[in-house]
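Two complexes come next, and they have one chain in common, subunit A, joined by subunit B in the first and subunit C in the second.
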Partner chain A sequence: MMFPTLDPLLHSELRLAVVSLLIGMEEAEFPYIKEQTGATAGNLSVQIEKLSSAGYITVDKGFKGKRPCTLCRITPEGRKAFEDYVKALKSYLVKPKK
Partner chain B sequence: MEEHENKEMTAQESLSLISETLNNSRRDITRRSGKYFLFWGALLTFFSLLVYLLWTITGNPAWNCLWFAMPAVGIPLERFMRRRKESERVQNDVSRINGGIWAAFGFFACAVSAFTLLFYELNDGIITNLAVAFNLTPEIALLFGLAECISGFTLKNWVIKIAGFVTGIGGLALYYITGAEKEQMFIFAFAGLVLVITGLIVKHQYK
Partner chain C sequence: MENQEKLTAERSLEIITEQLDQSRRKVSKTTGQSLFVSGLSTMIMAVVIGIVNFSTKTTFGHLLWFILPLIIWVAMKKIHSGKGYTPDSLVGSLVGKTWWTYSIFVVVFFVIVLVWNILFVSRLLPVGDHAFAIVDPTATIMLLMGMAVAITGHLLRSNKLVWLGIVAGIAAFVWEQFGIGSMIMASCTQSVDFIVRINMALPCLTIFLFVLFGVMLPGLILKKRNL
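Now for the complex of A and B:
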């Protein structure tokens, strides 16, 4: 049985956690993602940048009052990649028919 | 979660991570919305008792106009609360629907109250034609009960559904049975307590 290839960008624990988090909501600020994933700011920034470069998420940098505010949102491409990834994962778990 | 950037995951581990992350964030965001129920509930109870007190002392029902101060105080305070917490700008389906329901309730309650001002008749500073103003209580109680009941459905909580029904229908019945005047403020004070209880349930249920 041939298994579909898993998207390497999503098949990483932290990036997958970020995308899973954003799938369930409209938008999330960087501190919230950091809080939920328990990642360090540096590592999280790198992974967010990778997801953003792939077009899976958008990152808006602005200000909330005087404080800088980084807002992340999932894109339709990101949503589609996530759905394909979950579909591929499921195929790994299905027992082959004898 | 620790740093696992390069950790190889099995299919089962990946699915567990997705499921766990989705569930945790859903619970977390819904739990956070609990404090806004608490806040608005406390504010509603405070204003109800304040209007009752001033109405009783002065005998002037014009103190009902103080209701307009509630959103004027509450909305900026709520914004301040959201700004103060660094990671507060997150929403999921449940928090968005609940926010929409209560924003719609606030809009209708304010609009219908503002509309009654058109029917005021002042006589030496005292409102004399209160027919329309007084009839607001059952309408607003009903609107409140409806909003609370829908919140109960979105939060999948029977206590909140029943509390909505009791406040809406109970408030309506109480108004027509007792025909009370300033005592109607207790209906709103009770509604405020219902919101506080809702907030506590949400915080506890999604802990």
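Now for the complex of A and C:
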């Protein structure tokens, strides 16, 4: 049985957690994602940058009052990639028929 | 959570499920809290209006309903202040839109009914026909609220909420539309003055009971629910 290749960009614990979190949200701030995933700020920044470069998420840096605010949103490409990833994942989990 | 490149399919699925569940739990809790606070405010308001209507033998107390959204808004602001940032989830935003649509329907319908009952019916119809032409808004508003609760239940995948909304909405509609409360009261007492007074306050009792079982109780269930 041939298994489809899993998107290497999503097949990473932290990047997958970020995309899974954003899939059900309209947008989320950086500190919230950090809190939910339990990642360090440095590692999370690197992974968010990778997802952003691939066009899976958009990152808007601005200000909320006087404090800096980084907002992340999933893009249609990111949504499609996540759906394909879940579809591919299913084929790994289905037990082969005897 | 650190970045590990060697990830099994099972672990991937676990991460996805964990994040989605976490998000749903948050929405359930926030919605439950909103329903609980709105329900409690509405019940207190129903008691106040019921007392006003009972003691004045009029229905002018119902005008107090217009300040209820303000009370709920202030209460929600107080509860959420200092709780930190929580992003809008897609499900949460759908729940919000459901209740926003319900509010628009209720406010517009209530204003139309008030204008109809106060301005048109009393001026256009002969005295004896007033009772047949007056529109009672309570039954329809309760039915719409039951629908909003049931839709919220569907969005949050809570069958208890769906059924409480449906049953409470329909029961309140039947109770109010067919004057079951008035009939029971009339059979219990002979005092005309008491019957008149209780008729002015009865819609508030219906609202109180409906909100207790159709809004506050589901809110409490959602708040306590552990997905």
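In this text, the second predicted complex is superposed on the first by the 98 of 98 C-alpha atoms of A that agree within 3 Å, B and C clash if a C-alpha of one lies under 4 Å from a C-alpha of the other, contacts with A are read in each partner's own complex, and residues count from 1 in each chain.
One rule holds for everything that comes next: contacts are C-beta pairs under 8 Å (C-beta built on N, C-alpha and C of every residue); 3 or more make two chains touch, one makes a residue touch a chain.
Since this is a predicted model, take the numbers as computed values, not measurements.
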| item | value |
| --- | --- |
| Room on subunit A for both subunit B and subunit C (clash or fit) | clash |
| Partner chain in contact with A:Thr37 - subunit B first, subunit C second, else both or neither | both |
| Partner chain in contact with A:Gln47 - subunit B first, subunit C second, else both or neither | both |
| Which of subunit B and subunit C A:Gly24 touches, first, second, both or neither | both |
| Partner chain in contact with A:Gly65 - subunit B first, subunit C second, else both or neither | first |
| Partner chain in contact with A:Pro76 - subunit B first, subunit C second, else both or neither | neither |
| Subunit B versus subunit C, judged by how many residues of subunit A each one touches | B |
| Clash-bearing segment of subunit C relative to subunit B, given 95-103, 113-121, 167-175 or 185-193 | 95-103 |
| Residues on subunit A lying within both footprints (that of subunit B and that of subunit C) | 6, 11-17, 20-21, 23-29, 31-32, 36-39, 43, 47, 85-86, 89, 92-93 |
| Subunit A-facing residues of subunit B, complex | 1-7, 9, 11-12, 14-15, 17-18, 21-22, 24-26, 28-29, 83, 86-93, 96 |
| Residues of subunit C touching subunit A in the complex | 1-5, 7, 9-13, 15-16, 18-20, 22-24, 85-91, 93 |
| Touching residues on subunit A, where the partner in the complex is subunit C | 6, 11-17, 20-21, 23-29, 31-32, 36-39, 43, 47, 85-86, 89, 92-93 |
| Contact footprint of subunit B on subunit A as seen in their complex | 6, 11-17, 20-21, 23-29, 31-32, 34-40, 43, 47, 64-65, 67, 69, 71, 85-86, 89-90, 92-93 |
